[in-house]
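In order of appearance the chains are A, B, C, D and E, and numbering begins at 1 in each one.
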Amino acid sequence: DAKDKVKVAFIGPLTGGVSAIGVGGRNSAELAVQLRNADPDAKYEYELVAMDSECKPNVGVQVATKVAADRSIIGLVGHYCSAVAMGAVDIYHKFNLPMSVWGAVLPDVTYGNDYKEIHRVNGTMINQNDVAAKFMAEQGYKTWVIIHDTTDYGKGHNKYFSEYLTQNGGEILADFGVPADQQDFTAELTKAKQLNPDVIYFGGLVPLGVRVRSQMEKLGISAQFQGVSGIKSDAFIEGVGTELSEGVVSFLEGAPVDKLPGGQYFTEKYKAAGFAEDEEAYGPFAFAAMSLILDGIEEVGPNRKKLTKYLGDIQGHDSIVGKISFDDHGQNTVAAITKYVVQDGKWVVWEDSEYATGARKLAGK
Amino acid sequence: MATASALEVRDIYAAYDSADVLEGVSLKVPAGKITCLLGSNGAGKSTIIRAILGLTPPRAGDILIDGQSLVGLPTHKIISAGIACIPEGRKVFPKMTVVDNLRLGGYQENTEAVLKDRMDQVFEIFPRLKERRNQLAGTMSGGEQAMVSIGRGLMAAPKVLLIDEPSLGLSPLFVKENFNIIKRINDQGITVFLVEQNVHQTLAIAHYGYVMSQGRVVAEGTAQELSENKEVHEAYFG
Amino acid sequence: MAQQQETVLTFRGLTRRFGGVIALNKFDMELTNGQILGLIGPNGSGKTTSFNVLTGIYEANGGSIEFLGQDITSWPAQKVYEAGVARTFQRSRLCLELSIFDNIMIGNHKRLNQGLLFNIFQRKALKEQIQENHEEARKLLKIFDPALAEKMFDPVGSLRMIDRRRIEICRALISHPRLLLLDEPSAGMTHEETRELMDDILEVREMIDGLSIILVEHEMGMIERVTDKCIVLNFGQKICEGAYRDVASDKLVQEAYLGGE
Amino acid sequence: MDVGLLGQFVVNGMMLGMMYALVAVGFTLFFGVLDVIKFSHGDVLMVGTFAGFSTYLGMTAIGIDNAFIQLIGVLVISIGSMAILGAVIARYLVLPLKSAPPLNTLLVTLMLGTVLREAIRLFYPDGSNPKHFPALLPTDSWSLGSFTLRSDSVILLVGGLLVIVGVNMLINRTRLGLAIRAVAQDEETAKCMGINFKMIVLLTFALGSGVAAFAGVMNGLYYNEINFGMGLLLGVIGFSAAIVGGLGNIYGAILGGFLFAGLQTLGAVALPFASAYKDVFAFAVVIAIIAWRPTGLIAEKTSERV
Amino acid sequence: MTQSLKDKLVIILLAAVIAAFSITFIAIEEQVEIFALLVFAAALVLGGAKLGITASIAQSLARNERLMNFAFIAATIAVVFWFREDHFPLLMIATVLLYVIACCGLNIQFGFTGVVNFAGAAFFGVGCYTAAVLGDTSVPLLLVILLGGIIAAIVGSVLIIPVLRTRGHYAAVVTIAFGLLFRTFLEVNDTLGGPQGLGVSGMNLFGWDFNNNIEISENLEISFYMNYVVLALIMVVLTFVLMRRIERSWIGLNFDAVRLDETAAACFGINIKRWKIVAFTLGNFLAGTAGALYAMMLGFIAPSNFAFSDSLILVSIVLLGGMGSLWGTILAAGLVVLLPEKLQVIQEYRFLIYAVVMILILLFRPQGILPRGLRAYIPGWRG
């Protein structure tokens, strides 16, 4: 007996500068669907419709409309780029399409509206920077220079980090906003060198982060390099090389995947599925969000309104990124932030690292 | 004819877009002689030159230099076979100096000394060019550009020189001078194929001539014969 | 000559330099109503330059130009045209992608209503204007070549050189200028064609009241036949002035320009 | 500002300027030979860098680990392969569009840039992520107060300078250069002079693309990081630099390149507004310069006549 | 059958075929079908050209312009009606229409007058931001569209001096620099929402909210995008009429003269500066109006919509269609907007494929898909 077909959708940047993360997310969502289809107990047969937003709001709104207007699509896992998400949420609301964000970190995506359709499994940049500022201050650092890209992502990080850092007694000597496609940072870094900060805070994504870290070395800057979730990717380490990545710290929402009961399972399955690309930092969130939506459909059937309701009630739902509980804005509240440090060319959870034990020291300590 | 043809055009047809502009033209340009081609506007004279140079490759027919076919060869190969051209409308390189223009005329020659010699000869014929050696050719007056163009043709020291309306826009004095120059070139042993409107003076220096009309050769003969030909006389002698 | 000797154009000490080259050197000249003036001289003697300075393409470095009583020395090209000077170019400058009619209408700019609102909203009036002008252009072109007049909406790029020259002259004439500047109109034409062209130009002169013409030519037959007066330039300086017959027999002119027999 | 720091800015700016200038030189060449703008230039640079990177990986894999030999290998393969790519582009995309409006060439090469970029992203292993380009040059550094000078920077600067001087000599002093300039102005007449038109165009595109590959490798060696999008902005800036300097000659490209680098450095560190405005500043200055000198800083001599 | 009757039949048939093709193209989703359809269309056009059918159709069209215009409008309405309930196709159609308007603006600039503009997206963006800022005020929204255009034109006037002084590639750089500057400025400066962008309230006409679906009856609810499609269609028709009238008047002639030979134009009294300013301003105005409605339709705008690459998309529409060609612009806008969308199925490969398709089209039709013909001042009139 053939099962009924149900469509679910994924939206992310599949082309352009941040496509690595988008494709990783797409693969992870795909994996969730594959696994569910392989499950003999599943009630429906799922089909994934994946769309490319190019990380551009106008394209994002287009594909959002396409997905939302297609009544055969029941749920959506969408958006890594916050500006795109911001533009699209109105549409999901209008068409009553329940969705969960898998990567965008701008608080306003969930908090800027009262739409019950909108959820987010990953944390916002608020949580991340709160933890980051406290942690770095605890390490005894006093002065910072901030380099951030001028997209919503970088500017948001700059805003929240500065806010929390001042609360924690840190001092910001200078901040530099740079376009997301800048190649040369020697001017900014030379100025930074003159200011001689303890830490260089970088708010942006891997490509830019790699350049900043590499060029710090060129100019002989020995300050600690602190990144945001956007650089927590093996691509960062690969890009700057093992030597330069050593001791770089970064912060990411959610518990480390391999620490979670289901995490090991995810990593194995992802490998087994044979995707050409890595899952990247937000792959687990895409997987978790998709799984959550599939769980919902299994539970309440292929109906948008019911699924929205189901998602609204989610509390303490198990997932590979930890327990998911949505607050009244659909934001996952259990957004544990994990601290990472690069050790011997690998991202290691801070607490497990030789840095935590004191065997190795961060720069300037 | 006693002398062998340096250049021979056999029954060529050529077209630009659709209609044929040349309809079965045959010509012989004997070595060491001046052969002229007369004809009214739009008769297809320039098209023959373009066909010889491979710029408007003929649709049918053959073009031979020293018995070797040129049809289908790219222009630069045709030039290497020993042909040079002084094109209609001068066609100087406007953003280059006079010297560079002349230097390009001798592009196929590699020896600096030879080139210098030839350039000195050109300067001797056209003192104005020597004066203006570093002026951009594009800024020169119409007649001055003609001098550059002729000088450039001489720089190649070709076996066969194709000349298309060289006296266009030249002063009467210079037109005369020009025909003298062509004669002198020919005296040096260069075969000349001359397209002109200036019938009197052309026939005065040419050995043999053809008359074209609407894509066909309508008359031919020695210069003498042509000047005496009644029809030609009526049609072209003002 | 029908008209009285009213002065149309005066150059006083007109000078123009290009770097070290003095293209025009204190050039004095006078042209009266209805006159055809032949401007001749060796290559590079400044003939075209005098046209360019007169029409405002180049600025004069010295001297003055007076046209119909106005000092137009540093007027821009547009204003000179408005005042009634039209020209052809030594190297034909037609818009090859446009039709014959379009090209001629470019020359008629000052007689067409160029208002934005007129063109966009008063379509009926515009239509009439188009048709009137079409008729006029046809008539003019017919004088030069009846066959061409039937091809008004063909692109100029498809025409022979000689036809393009004719169109260029029509473009200059259509606006009924007071002064027509012709820069080597017969270049590349046979004797016969040259003669026809000259007849056509003379015919047009009869049509347009008080039209004066300056003609630059190297074809002495033509100069002899049509000019009332000749000026010979050499190195930017006037070396001789007078009727063609007198000028032609001048020794200096013979030496510098004509080349004695 | 202390002298050391100033020196640092100057050296950094010069490195940046050198790279812009090298890209701009390519634009000047293409423009010079066919009056076309090849917008895929930046992406060819990027592909060249990846070709060099792959060469390095390959050499390492077969056990060649002498940095000097690696460097030579990287340069030869990268420049050589891009020269071929440049010629292929000229042959199949640029020459066929010779008689179309010039903007169409621009569009086609722009699309080609997208093809190259996307192809690397999709088909190069893990192509969407940045790669760590090895430091193949000696990295000793001298410090003097706040001034640090690294030997690799010096070598790159000198290398870049040599390439530019070489290209300039080639264009202005040789028969090939003469032919390139002639072809640029009048194809048919150039042919009548006995110039092999097609060959010259292909050679020029090969030359320009080879220079781009050199700039790409230089970029990789200097920043130690390469990625599939690196050519995009570099292309736009190189183009702007070539124009602002003036398309008439190579000095324009050099001047434009250094000017741009100078503006960006100045905008980032020395002006009284947030550094994020530095590109706004740089481009505003570019507009102002062009308004002031409509044919570039080193204006082309006009050769137009009426 | 008489010639004129035959012409009329040909035109109506053609419009019907175009409508059917558009509907199929917009409706299908399967990769194979899309390629099959594209190949089929290409074969049809190429085959038609070989057999001379295209030429004879073109003649029929030229003889009956009025009918052709109406037939094509009818075809568009048929397509729109077909998708009356489907939001997404209507959104795409409206997007195409608005791109057509913006590209008409660019056509005036460099198709007619030769003033290159590589900052089309920036002027489009000015319109968008105008709508975003004014959308919440009490300014009537129809006026906002107009204001979008006017403000775009005013912003453009900043560039007038460099644009007037430069030509060709130099002018290109002026606008490229402006486009980059514009986007960076929006991103860095937070007054207009910064990189996060701005929400835009929807169009509202005399109390009629454009963002609500139109309920006709119990089981027929027309998509709210229909509002925008209709308004956009009206704007396209107006733009089209304007473009045609410009082209077929002395203004169009002046534009052409300025583009083709500035020196000759000046010698015949044509005021180069005036016409360049008119073209530049009018072009930016059109781009701005299109932008204003686009922003209201989309409901959200951000700086990354107005990048250099977006300007290039506009330029490529103009070139692909054929410079100065109106029908070409419409065709190319359809292709350039819809094709990447249709290629969504191949996801990350879509830009690769899209770029390859564009290259192929240009190699086969270097002058654009429908090159502009000679000016016919009065349709069908040849003196």
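In this section, a contact is a pair of C-beta atoms (placed from the backbone, for glycine too) under 8 Å apart; a residue touches a chain by one contact, two chains touch by 3 or more.
Which protein is which chain? UniProt says B = ABC transporter ATP-binding protein; C = Branched-chain amino acid ABC transporter ATP-binding protein; D, E = ABC transporter permease.
Fair warning: this is a prediction, and the values are worked out from it, not measured in the lab.
S.K.: Please find the path from chain A to chain B through touching chains that uses the fewest steps, and give that number.
M.R.: Shortest path length, in steps: 2.
S.K.: Name the chain pair with more contacting C-beta pairs, choosing from A-D and B-C.
M.R.: If we tally the C-beta pairs in contact for A-D and B-C, the bigger total goes to A-D.
S.K.: Which chain has its C-alpha centroid farthest away from the centroid of chain B?
M.R.: A
S.K.: Taking each chain's centre as the mean of its C-alpha atoms, give the chain farthest from chain C.
M.R.: A
S.K.: From the C-alpha centre of chain D (ABC transporter permease) to that of chain E (ABC transporter permease), how far is it in Å?
M.R.: A distance of 34 Å separates the two centres.
S.K.: Quick check: how many Å separate the C-alpha centres of chain B and chain E (ABC transporter permease)?
M.R.: 51
S.K.: Could you please state the distance in Å, as a whole number, between where the Cα atoms of chain B are centred and where those of chain D (ABC transporter permease) are centred?
M.R.: Whole-Å distance between the two chain centres: 43.
S.K.: Multi-chain contacts only, two chains or more: what residues does chain B have there?
M.R.: Residues 139-140 of chain B each touch two or more of the other chains.
S.K.: Send over the residues of chain C in touch with two or more other chains.
M.R.: Chain C, residues with two or more chain partners: 48, 57, 89, 91, 93.
S.K.: What are the residue numbers in chain D (ABC transporter permease) that touch two or more other chains?
M.R.: 118, 274, 276, 279, 305-306
S.K.: Where on chain C does chain E (ABC transporter permease) make contact in their complex?
M.R.: It comes out as residues 55-57, 76-78, 81-82, 86-87, 89, 93-99, 101-102, 105-107, 109-110, 112-114, 116, 119-120, 123, 126-127, 130-131, 134, 138, 152-153, 155, 171, 175.
S.K.: Flag every residue of chain E (ABC transporter permease) that touches chain D (ABC transporter permease) in the complex, lowest number first.
M.R.: It is residues 110, 116, 159, 161-162, 165-167, 169-170, 172-174, 176-178, 180-181, 184-185, 188, 263, 308, 312, 315-316, 319-320, 323, 348-349, 351-352, 354-356, 358-359, 362-363, 366-368 of chain E (ABC transporter permease) that touch chain D (ABC transporter permease).
S.K.: Can you tell me which positions in chain A touch chain E (ABC transporter permease) when the two form their complex?
M.R.: For this pair, the touching residues of chain A are 14-15, 19, 23, 26, 50-52, 55-58, 61-63, 65-66, 68-70, 82-83, 86-88, 90-91, 94-95, 106, 108, 150-153, 155-156, 177, 179.
S.K.: Would you mind writing out the residues of chain E (ABC transporter permease) in touch with chain A in their complex?
M.R.: Touch residues, chain E (ABC transporter permease) against chain A: 86-88, 91-92, 95, 184, 187-188, 194-197, 199, 211, 223, 298-302, 304-305, 307, 341, 344, 347-348, 350-351.
S.K.: Using the touch rule from the top, collect the residues of chain C that touch chain B in their complex.
M.R.: Touch residues, chain C against chain B: 18, 21, 40-45, 48-49, 90-91, 160-162, 184, 187-195, 218, 220-221, 256-259.
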